[in-house]
Amino acid sequence: MTAGATDPRKTTEDWWRTGIIDMGPGVLRYRGYPIEDLIRQRVSLAQMIWLLTRGELPTRIQGELLEAALMSAVDHGPQAPSIAIARMAATCGVGLNSAMASAVNVLGDVHGGAGEQAVELYQAIADRIAAGASEADAVQAGLDTFVAAHGKVIPGFGHRFHPVDPRSAPLLELVDAAAGRGEVDGRFARIGRAVEANLSSRKGKPIPMNIDGATAVIYAELGFPAPLARGLFCLSRSVGVLAHAWEQMQQGGRIKGPIPRQYIPTYDGPLARQVPAQR
Amino acid sequence: MTAGATDPRKTTEDWWRTGIIDMGPGVLRYRGYPIEDLIRQRVSLAQMIWLLTRGELPTRIQGELLEAALMSAVDHGPQAPSIAIARMAATCGVGLNSAMASAVNVLGDVHGGAGEQAVELYQAIADRIAAGASEADAVQAGLDTFVAAHGKVIPGFGHRFHPVDPRSAPLLELVDAAAGRGEVDGRFARIGRAVEANLSSRKGKPIPMNIDGATAVIYAELGFPAPLARGLFCLSRSVGVLAHAWEQMQQGGRIKGPIPRQYIPTYDGPLARQVPAQR
Amino acid sequence: MTAGATDPRKTTEDWWRTGIIDMGPGVLRYRGYPIEDLIRQRVSLAQMIWLLTRGELPTRIQGELLEAALMSAVDHGPQAPSIAIARMAATCGVGLNSAMASAVNVLGDVHGGAGEQAVELYQAIADRIAAGASEADAVQAGLDTFVAAHGKVIPGFGHRFHPVDPRSAPLLELVDAAAGRGEVDGRFARIGRAVEANLSSRKGKPIPMNIDGATAVIYAELGFPAPLARGLFCLSRSVGVLAHAWEQMQQGGRIKGPIPRQYIPTYDGPLARQVPAQR
Amino acid sequence: MTAGATDPRKTTEDWWRTGIIDMGPGVLRYRGYPIEDLIRQRVSLAQMIWLLTRGELPTRIQGELLEAALMSAVDHGPQAPSIAIARMAATCGVGLNSAMASAVNVLGDVHGGAGEQAVELYQAIADRIAAGASEADAVQAGLDTFVAAHGKVIPGFGHRFHPVDPRSAPLLELVDAAAGRGEVDGRFARIGRAVEANLSSRKGKPIPMNIDGATAVIYAELGFPAPLARGLFCLSRSVGVLAHAWEQMQQGGRIKGPIPRQYIPTYDGPLARQVPAQR
């Protein structure tokens, strides 16, 4: 008879086992590090994000790259559904927590998933290179495979609003600098640029890397699994979501609709009719 | 006839006016600062949070204090409803965005509001001091007023699990250091400590400042309005929420309930009975 | 040694005790009624809502009144934030469950709380009558007290869009009919109408009872505690939320913003400026 | 010059066009039916759900079948993550709307998607039969295809807790009765039973149809597209979610964790260690 199999308290406590946080009265350790040491040694928020999701502290440069990626994607204005939702929620009588939740919730496959999908695309290409393909062949085959499976919208490239996304170049500069110092490999920056070149050649016009493609280069260089790219984007966008919800609270308004109050959505359904008496 | 009153496009665009982000094709400026400059000048995530919520960039020290507050509150383990919810959600077939949303959503008045309430308490005491009261009188009257309005649970002090919260002392050390260099005033650190002393005297036992009381000192020193203290906590806790949702995805499981699978919640309702035929 | 105090399995199972549902292998009883009987005896959805929230089955007329209240509040179109949010969410790559969640979440104090507040108002007036006041005095004092506490917006009366809410009269007819047969008391219908008359007299123009005021009459007649009026409204509005999310999925679109794609929210913040080198 | 192309007000109003609801001052029509008529003619909640999602009113029998499906899936107790989440949320200082939202949100592919997937499976089999296959062959091929694509868990069949789900038989009885009167076709009831028989034969033990498989029979018989099966389940489960959140509010408690307060989740991460000075 073993204790683990028969002690219901242990069974219950094991149901919620974790390697992230170790708690005792007066004790809080994250991945083994006491919280008071993490505070006193000035561990940054980005380093803490890394520690909790990856298990170890990053190097200084790794932390800075993560920080830049998180900082650069915080907001894209009220035309983004996530931001509009946060602002409308803020006029409905819920707290900032709920305004943030309704907003972050919609960062799904289409609105928030491009970074995750771009990491997957880059990794698939990297796998082909690792298996012996040339970079050009790997990119060509990787894109063909992606288009066959998911259609012609390539996550991380092109933007319906920006001819050139102003965030991509400075983010890639940071990766290049880190690669120059041997802090990251640099192969995902090469793959990202090769995808951009290939796409522009396919389409006959520039299809520049956008914020999702650039942050995906960083996340891939740093070794984050693809789903975490979406999680990290959610953290990043939560900043803009909070700021817009708060600005809306300052502006005031009650039950803010999507269009000015005096406008009425167009109705295109059946004409007025009577409810049938016999149903 | 004025253009603003009659141009429906402008009316529509004005419905969503914002001072946070200025967008044009290829242009993204936050509070007037081009995003490429913010990236190249290594503006940190905490500085960006400040910029978006406050309108200006913080000083270096202000940014570091904000960063420490955000970093220190990321997680308190699976017994916190927010964390348990994130982990259960992660086994239900939703993305990390939705797991995070369901979790952050519950950081309401009771689970996530202590920091906001502590800032309000500190500010009410500071207002009494500014109006001429002594610190001791202001704290006494501020606490009496709070208890009369909200009951005996004082937000930011005492902890049901930690006899002493290991996060409070190192956070106050940072405030003291910043105050010593004239970067912050230090009066909210004094008020926080005076509240702690007054409470311990009232109860006849130590009622130490907890993480909410300590981060509230920082947020008050930095001039954040009270509701933003909750918003900032939501950003901070989102980190732990993400990490736990991700860990749960690695552990696997489908439709994880709160207690081990073979356990059944106790039923304390009516005995088995027949549905009456005539209702 | 008592079993309850020392058996950790029982402690764990008791942590989740409920009087709503009794489960065993092959057994599901709600408030004591076997599910197969509830199905075979054609218990309606509205009756099931009553059973789960109140503990007993309603009479047929009670169930019909509840049903009418739930049926009549399902939707108020895309200018309601809850509906707009559902539609935007549906274009972001999340499931219907998440589109519904982001929407229902914003039915807070302002957007979804009017019914709850109206029940509170009616009950406060009924308490005054029960304590001996005349109906006229109770209404006058009840409204004065409410305005002093909450301001001049009276929940359940007046509508920014409808001069007369077309849902109120037919709902009150149902209450009158039920009262005529002794199925409900009718006093909350009287109180609701007296509030309407008093308000119109105060303002010098009609302030008609709206959907929230009318459903609150029904919920108060049926004995629902005020907070459940909000919960029931959430159930009701979930129907419209689902229908609009689904219609949007049929219409298509990706990452639908609140205003037409080519429009850009007005920026009213600082002019373009340089990031200071020293911070 | 056409009005539609150039009138920004119309452009804005068209951005939110809908066939569900037609609004004017004092006018509310759903799919063309005035709300006052819908109320006076006692349209049920289930009929309204049908009207809004399908565009027309159902027959009486169709409405009753929908009602039975909705009524029978409202709750499966606190071991369901959706219910546990609602109860924990109710102790965190948010309204019932937010407790419901956090809960419904997790009815994703795994927790809430079985009905949708079962409808898809049934329809795929029906398509094979319509194309000329025998029922036995269509079921065999349909299951083989499903297993190849999604793995061996067949949505709608088998239950980890119930040897026989007590809800399935009475629901199928209702379908049989409706089919006997020609109100529905009955082919999906046949397909569902054939799947059950085939699975039991494959596994060598009974794999009975569960609530998701039975409600999927109803939804398929009624012609609901598969994704709406999930949406309808969300409506249904919202009832249990509300009831449990409300019961928890009555029980009280603050910041309810998943396991009894004195229990601490097992930590299985790195041992206590020092933060490295140089990072």
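Going in written order, the chains are labelled A, B, C and D, and every chain counts its residues from 1.
Throughout what follows, contacts are C-beta pairs under 8 Å (C-beta built on N, C-alpha and C of every residue); 3 or more make two chains touch, one makes a residue touch a chain.
This one's a predicted model, so the numbers in the text were calculated from it and none came from an experiment.
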Reaching chain C from chain A through chains that touch each other, fewest steps: 1
Size of the rotation, in steps of 5 degrees, that lays the CA trace of chain A over chain B: 180
Geometric centre distance via CA averages, chain B-chain A, whole Å: 21
Length of the line joining the C-alpha centres of chain B and chain C, rounded to whole Å: 28
Whole-Å gap between the CA centroids of chain B and chain D: 34
Shared-contact residues (touching 2 or more other chains) in chain B: 9, 11-12, 15-16, 18-21, 23, 34, 38, 43, 47, 77-79, 84, 94-95, 97-98, 101-102, 105-109, 112-113, 258-260, 263-265
Chain-level touch network, classified as line, ring, star, complete or other: complete
Residue numbers on chain A that touch chain B, as the complex places them: 11-12, 15-16, 18-21, 23, 25-28, 30, 34-36, 38-40, 42-49, 52-53, 64, 67-68, 70-72, 74-79, 84, 87, 95-98, 100-102, 104-109, 112-113, 161-167, 169-171, 173-174, 227-228, 230-232, 234-236, 238-240, 242-247, 249, 259-260, 263
Residues on chain A engaged by chain D in the complex (per definition of touch): 9-10, 12-24, 29, 31-34, 37-38, 41, 43, 47, 55, 57-60, 63, 94-95, 97-98, 101-102, 105, 258-260, 263-277, 279
Chain D-facing residues of chain B, complex: 7-9, 11-12, 77-82, 84-85, 88-89, 91-94, 98-99, 101-103, 105-113, 160, 254-259, 261, 263-265
